[in-house]
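Structure first, commentary second.
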Amino acid sequence: MDCRIIKSPGENTLAILNRRKGSGPKGALEDVGAVGLVQGKLIEMVCAADVAEKAVGVVVEDIKGTCPQNMIMLAIFGDTASVMAAMDEIKRREKERLW
Amino acid sequence: MDCRIIKSPGENTLAILNRRKGSGPKGALEDVGAVGLVQGKLIEMVCAADVAEKAVGVVVEDIKGTCPQNMIMLAIFGDTASVMAAMDEIKRREKERLW
Amino acid sequence: MDCRIIKSPGENTLAILNRRKGSGPKGALEDVGAVGLVQGKLIEMVCAADVAEKAVGVVVEDIKGTCPQNMIMLAIFGDTASVMAAMDEIKRREKERLW
Amino acid sequence: MDCRIIKSPGENTLAILNRRKGSGPKGALEDVGAVGLVQGKLIEMVCAADVAEKAVGVVVEDIKGTCPQNMIMLAIFGDTASVMAAMDEIKRREKERLW
Amino acid sequence: MDCRIIKSPGENTLAILNRRKGSGPKGALEDVGAVGLVQGKLIEMVCAADVAEKAVGVVVEDIKGTCPQNMIMLAIFGDTASVMAAMDEIKRREKERLW
Amino acid sequence: MDCRIIKSPGENTLAILNRRKGSGPKGALEDVGAVGLVQGKLIEMVCAADVAEKAVGVVVEDIKGTCPQNMIMLAIFGDTASVMAAMDEIKRREKERLW
């Protein structure tokens, strides 16, 4: 599972994510402090989505690819501190295999 | 074959699963105690689906990906004890190669 | 090539197969004694389909995935004895490379 | 590159091939003595198609998969002797890297 | 992550890129001094897009493939010096794992 | 990157290529002396397309697959000498990593 954080994401970068989000093109996310990205197998993404969803101050979206090696990517939108906290929790849970 | 259990799954996590379930978008599953996830090759998923279906107190759905490495994922919905029992049976059968 | 047999397949398991069969959603197969599953490369599946088709008392269907590693799966429906005989013949032919 | 020959292919096996042929569903091939199958990378298939096309007494079709590892499969229809001659020529050319 | 630069790209080469750009077929890019290409996993592409977007004098587009190994490719259009500067920054960030 | 040349391509072989060319089904290429084929990663294909486009006497087309391992294939149409010259230049550039 691959994890990265983009701070103050640019407009086009958000557009690439908004074009592919699982909840559809409506309600595009803009003006977020940071985006956390998580890429892995579908089963890992669903578990990570659940961890992120239970964290505070972030919005979780599954990002559709067009037939990637790894099926979907998770994008976690929010202010920088909240995104970093959610990402840390995902990494900790994955490491300890708590699910 | 990869197996995981999410206890008290969040609303968005269930939405990700409901958007992709094989029986169509109708009859979305909500308010479940736990979700068991099984990811592997198509042939393994079909066999696991049959084991889970014969277990008590769970609903089995195949989750479509968009072109994953592993074709589909199985989601097993129910109360925590039933989901754990179904998952254990799937793992036992896979291990002993009983099919 | 991966081969498995499900005896007395459950209703939902048959539904997963019927949703994906190559001849379309019409003529869903129900009340079968057993299902033989064969997964491999397209070229192997076509050869296995021909062997199964020439066996007695079984119906052969190609099962579409959505972009799997292995392109299609073959499902062989029939009473338990017929399915087992067809599966044995496929495995024997594959082993001896008779095609 | 994987090569196989099915002699006196069954009706359903031809149906699986006819459903997927590149020239469309019209003009389904029936009553053929044998079918030669060749599976490999797209570039190999196009070269093999050219060799088979220049052979005598066979019809060449590219068979579409739904997102396989190997992009397409080639099916070579004709009487048994012609199909075997075309397949031998493809294997010889591939071996000696004559293209 | 694979990085290349095409100087004075030809008309057809730009057409191949324009046909696949994520923002749609409108606003085709023509008469650019150079194109930087970056191919990798989805998560790497999104991070690289953000770096490129924050560079000066370039336009960033995600290029859709039809089911590649690597999900998308990034194309960075601009004058030669700007494209080279943006590509150097992407490579530096990737190397030092600054995200 | 895989490179091959078909001399005096047959009618059906050209049809397989014409059915898949990136510029659409119009303007099918016929009566060409040779076809050069190049298969590799998307980023390699775009660079090779640019080299071929700058060569003399050839037409370059990207050939779409349906979800191959390697995303697209490049077909270079022209008289035999021109196709061979373009292919040699592509191989030389790839070898020396001139891009």
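Points worth noting:
The first chain written gets the first letter, and so on, giving A, B, C, D, E and F; residue counts start at 1 in each chain.
Just so we're on the same page, contacts are C-beta pairs under 8 Å (C-beta built on N, C-alpha and C of every residue); 3 or more make two chains touch, one makes a residue touch a chain.
Predicted, not measured: the structure shown is a model, and the values here were computed from it.
With contact taken as defined at the outset, there is no chain that touches subunit B as well as subunit F. Each chain gets a centre from the mean of its Cα atoms; for subunit C and subunit E, those two points are 45 Å apart. With centres defined as mean CA coordinates, subunit E is found 23 Å away from subunit A.
Taking each chain's centre as the mean of its C-alpha atoms, subunit A lies 39 Å from subunit F. Multi-chain contact residues, meaning those touching two or more other chains, occur in subunit E at positions 65-70. Taken together, the touching pairs link the chains into one ring where each has two partners.
Beginning with subunit D and heading toward subunit F, the contact ring passes through the chains as D, F, E, A, B, C.
Of all residues in subunit C, only 22-23, 41-43, 46-47, 49-50, 53-54, 60, 62, 64-72, 99 touch subunit D in the complex they form. Note for the complex: subunit B touches subunit A at residues 2, 4-6, 9-13, 15-17, 19, 37-39, 63, 65-70, 73.
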